[in-house]
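Shared between the two complexes below is subunit A, which pairs with subunit B and subunit C, respectively.
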Partner chain A sequence: MQRRERNLGLLYSAPLTIFLFLAFLAPICLVAAFSAMPEKVFSLTQMPDFSAYRTVLEQGYWKSVAWSLFMAFVATLILLVICWPLAFGMAKVFKRFTLVLTIGVVMTLFVSENIRLFGWVLTLMKGGLIEGYWRHWTGVGFDAPLYNGPIIVFGLVYVYLPFMLFPLAQGIAMVPDDARQSAYDLGATRWQILKEIDLPLAMPGIMVGSLLTFVLAAGAMAESKLLGGRAIITIADEVQTAFTYGQNWPLGSALAMVLIAIIGTVAIWAISKADLDKMMGRKA
Partner chain B sequence: MKTTRFRSGLLVAYGVLILAFLYLPLVSVGLASISKARYLSFPIRRYAYGWYEEAVTSDTVRDLLIISLKVAGLVTILSMVIGFFGALAFARYSWRFRKTYQKLILLPIFFPQTVLGLALLMWFNALDIVPSWKTAIVAHLVWIAPIATLIVSIRAFSFDAALEEAARDMGASQWQTLREVTIPLLMPGVTSAGLFAFLLSWGNFPLSLFTTGADSTLPEWLFAKMVSGYSPLVPTVGMLTVLTSAVLVLGALLLAWAIRRLRPTD
Partner chain C sequence: MTAKTPILRINALTKTFENFTALHGIDLNVDDGEFLAIVGPSGSGKTTLIRILVGMDEPTDGSVWLRDKRIDVVPANKRPTCMVFQSLALFPHRTVGQNIEFPLKLRGVAPAKRKERALELLDTLRLPRDYYSKRIQQCSGGEKQRVALARALAFDPEILFFDEPLSALDYRLRKTLEKELKDLHRRTGKTFIYITHSLEEAMVMSDRIAIMKAGHFEQIAPAEEIYARPKSRFVAEFMGEVNFFDLVNGTASDVTMSDSAGASLAGQTGTLTIRPESLRRLGEGDSADLSFEGVVEAEYLLGSRVQYRITLASGREMGVEVLRENAVPGGVGASLTVGCDLKAAHLIADAQSTEDTPNAAA
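What follows is the complex of A and B.
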């Protein structure tokens, strides 16, 4: 039986593993190879000189990296605060409403990010849903809060809300009611219960949610393009520009490698800590 | 320490507020799609459904629809097959590299999709493959097949291994065990994985952007129109794709509900 399981495991994992080696790891290796080439070449036949990385450092591309990471960080913090009460409700308070919320939130994931961000443009623009009606009723208009830095963070918060909400709710569900009850009976205030019981015990969910949002937001581009009017250019946007308009594959590859290194470090660190069998409830 | 009714009422109100926040942009798109004016401005003065008529009869939209459907359909079928076997290896069997495998398939989900699309474009170029809607299927699968595997795995984790063993003890062959025991038990997971795969592929933009070559999917076309100036067809076609997803999800939910109703003891 043991031997059969070992073989079947290897056999059944093969299609996905081989596919990911060919269509995920191999392309990344190719990007890594290109990033070492002299700039503006389209083949791997030159001597590697890593000049593209020097350009990344010297041409101020690090600013885009810093901005992307900073905005992703701020969006993650905001999402933690916004999602906490709702996740708490979903895990501990609501009954039927949890299902309604889950379906309602998951369904937004199936709508193209573009359409939802475009919807925000229509909502917030001058003569849009909010300003248009406001002016219609009060007679005073105001400028559209679009095309600046904060609105990009707003877009990130909007798009990645589900990725914080669900892990957080999962984490809070792991806090035993008994622990909260006994703390309360011993005279702890709500704030103390939050600080001493809820936050530490829900930490796995908090970590998963935060890392997921951070990593996804750091690689985002559409929010800056559609809502932000490229007021701040994100690193993913720079990668795309280098590849398309710039026709500079080595530079694009070097920028991509910087992004991959940052995201990869965070993701691999997080993934190596996670025990998926435990998280997904494997029977012994 | 019970949550008071007032507090839970407050939390429900907060939940409704968040849902409203999530759907507000879609309301704007919906209203824009039935505005008669060529240049949108709220409040909308006259409503008309003319843009829908134009969208439905347009040849461009029909071509986009066919490509989107082909990509999403094939991604669905392939994800279901890969996800089924992938999940058995992920959750059911104990084998040597299982932990590594579990971690490997999480990586593409975290990966920035634009960069993945570009990396694949370079890769196809190196392999002398001309990008078309077929290469977009590969791109979508890199992201969606792992997700499908995870979804089927949730079901496979609650799988009672004794059932398979019993079938084998009673003399069923490998193939018979798979067909009679394993597949029926995992079917609900495989079905929801298929639904997710279709919807995620249908709405995906960043992976399609660089990997479809001369072909174009609906989200790609919408993006191109969005950045090149307003066209009344954008909210209309956008709304049509949203409605397609909504109908699919609601249909699936209804079906699941009906099945549970018809089989009260399960």
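What follows is the complex of A and C.
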């Protein structure tokens, strides 16, 4: 009986497994193979020489990698700080307003990221919604706060907010109210409740939200292109350029492999570090 | 009351929610070192009361005093009291030791000292010392109970509140823990205020019992007094099964009185309260101050005792409980005469009958 169920399980999961293999694993294998080819070739039949990786090291691409990771890190931190109170409200305080907020935040996802970012450009640019009206009323203009590093981080924070907010709200919802009340009764201040009860018990949500936003932000490029005016070139942008303008598939592949390796390592490290069951006290 | 000074004084405490008054200006003094149980059915206001006493809710009116200090205006985390929650509210992400040490950690006590105290408390609660590093999930229901108690004692409160902490446990464990709690109260000398809906639980443990109904105290007295001399039908019924007979000017239907009993009840009006277990079977020639004749309607075996429901001449029913060896031979359908002494019956004079007090929920 159990054996049959097991076989049935494998059978049912087969279509998705095959799909995932083809759609997810196969391209990665292809990219990995291309990254080993001599530069500027378009076939996998050449002798692997890994020259693209040397180019990655020698041409200063590490700067783009470092900037992408740094901006993703800063955006994740900012998102943690601004989403915490909001998520706490959604999980514990707002009641019916939570639904309104959820719908509001989810609605933004219905519009393409690029269009929303263009909206910000129109709002912030010189002669745009803010500066234009300001100059019209006061006669004094100012420079647009666009085309720099901080505005790219702002864009990342704006675009990835839902990916932090919802996991965080889920995590906070798992903090039992009586544990918070009991800590308060035993003399804990608000900060002590946050540190001793809320943060550790909401950790699964914090981990999932942070990982999601960090991974997505590290691979982002639209924010840098549209808001940042390429003031900072992200690694994803470099990958795209190598594949398109550069016509250098092995270089693009090598850059992609570096990014995958770094983010994969961070993700696996974070997941192994954070034993979700143990954090929740579920594991004996 | 005793000569001791009250540690807690509750003064005309009122709590009103939007369209409902949960507490009607109640007063209460609790002695230092006393074990007071507050008993009432759900909705009687006991949970509202304890939430106000520990600081998780604010009273609408009135005051709460701890010795000379008014505490109803003090936030819960600044009050020298603490509560054992119904759910226990242990921290699942912390070990047994860390749970117990929690209040000490908040106060900045050094780790070594904290641990020492936690181990002492494990001894006090009769838990093995190696439980210090055990996870909460590995503990049984009774062990968790003890950890919650140890954590509350580590706080070293002036008053320890309990919000029905035993209600989720099975019968036998509850019985054991009731006795342990009473023993712990004696050993620590602390003031315990214990909320429960089970009068049985309250009787085992407490020095005094306060019976709550619809936002006020119906009776506050030691257990024996509540049992023997309930102030109202409500209190009498709360104590378990009871038979009521309306006494009007010294007579009551279905009740046969001896001459002496008739004389002492002459002219009185109220409710005659008789417990099923204070009745005895009357054979030929036996007599009692009060006696009742009826037919056995149903029979329930309660282990060492047998309970009967009998129908009296007027058609009303009455509960009788006797020892197994005195069981009625015929069982269901047999006629039965039972009786009791006048001192085993209690007269609730009419003015105190709860039927006259306004309903708080209105």
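Structural remarks
Keep this in mind: the second predicted complex is superposed on the first by the 262 of 284 C-alpha atoms of A that agree within 3 Å, B and C clash if a C-alpha of one lies under 4 Å from a C-alpha of the other, contacts with A are read in each partner's own complex, and residues count from 1 in each chain.
The criterion applied here is as follows: contacts are C-beta pairs under 8 Å (C-beta built on N, C-alpha and C of every residue); 3 or more make two chains touch, one makes a residue touch a chain.
Not measured: the values here are computed from a predicted model.
Looking at the shared chain after the overlay, A:201 reaches subunit C, while subunit B stays out of its contact range. Judged by the touch definition given at the top, the superposed model places A:269 against neither subunit B nor subunit C. Residue contacts after overlaying the shared chain place A:189 against subunit C, while subunit B stays out of touching range.
Counted by residues of subunit A touched, the larger count belongs to B, out of subunit B and subunit C.
Of the two partner chains, subunit B is the only one touched by A:86; subunit C is not.
Using the contact criterion defined above for the overlaid structures, shared-chain residue A:181 touches subunit B and also reaches subunit C. When the two complexes are superposed on chain A, the residues of subunit A that touch both subunit B and subunit C are 181, 184-185, 280-283.
Residues 1, 3, 7-8, 11-12, 14-15, 18-19, 21-29, 31-32, 40-43, 81-82, 85-86, 88-91, 93-98, 101-108, 110-116, 118-123, 126, 138-139, 141-142, 145-146, 149, 153-154, 157-158, 160, 165, 199-200, 202-206, 210, 218-219, 222-223, 226-227, 234-235, 238, 241-242, 245-246, 249, 253 of subunit B touch subunit A in their complex. Residues 176, 178-179, 181-189, 192, 196-197, 200-201, 279-284 of subunit A are the ones touching subunit C in the complex. On subunit A, the positions that touch subunit B within their shared complex are 1-2, 5-13, 15-17, 19-20, 23-24, 26-28, 30-31, 34, 82, 85-86, 88-90, 92-94, 97, 101, 103-105, 107-120, 122-123, 127-129, 131-133, 136, 158, 161, 180-181, 184-185, 193, 212, 215-216, 218-222, 225-226, 236, 239-240, 243, 249, 252-253, 256, 259-260, 263-264, 267-268, 271-272, 276-277, 280-283.
Interface of subunit C with subunit A (complex): residues 54-56, 76-78, 82-83, 85, 87, 89-93, 102-103, 105-107, 135-138, 151-152, 155.
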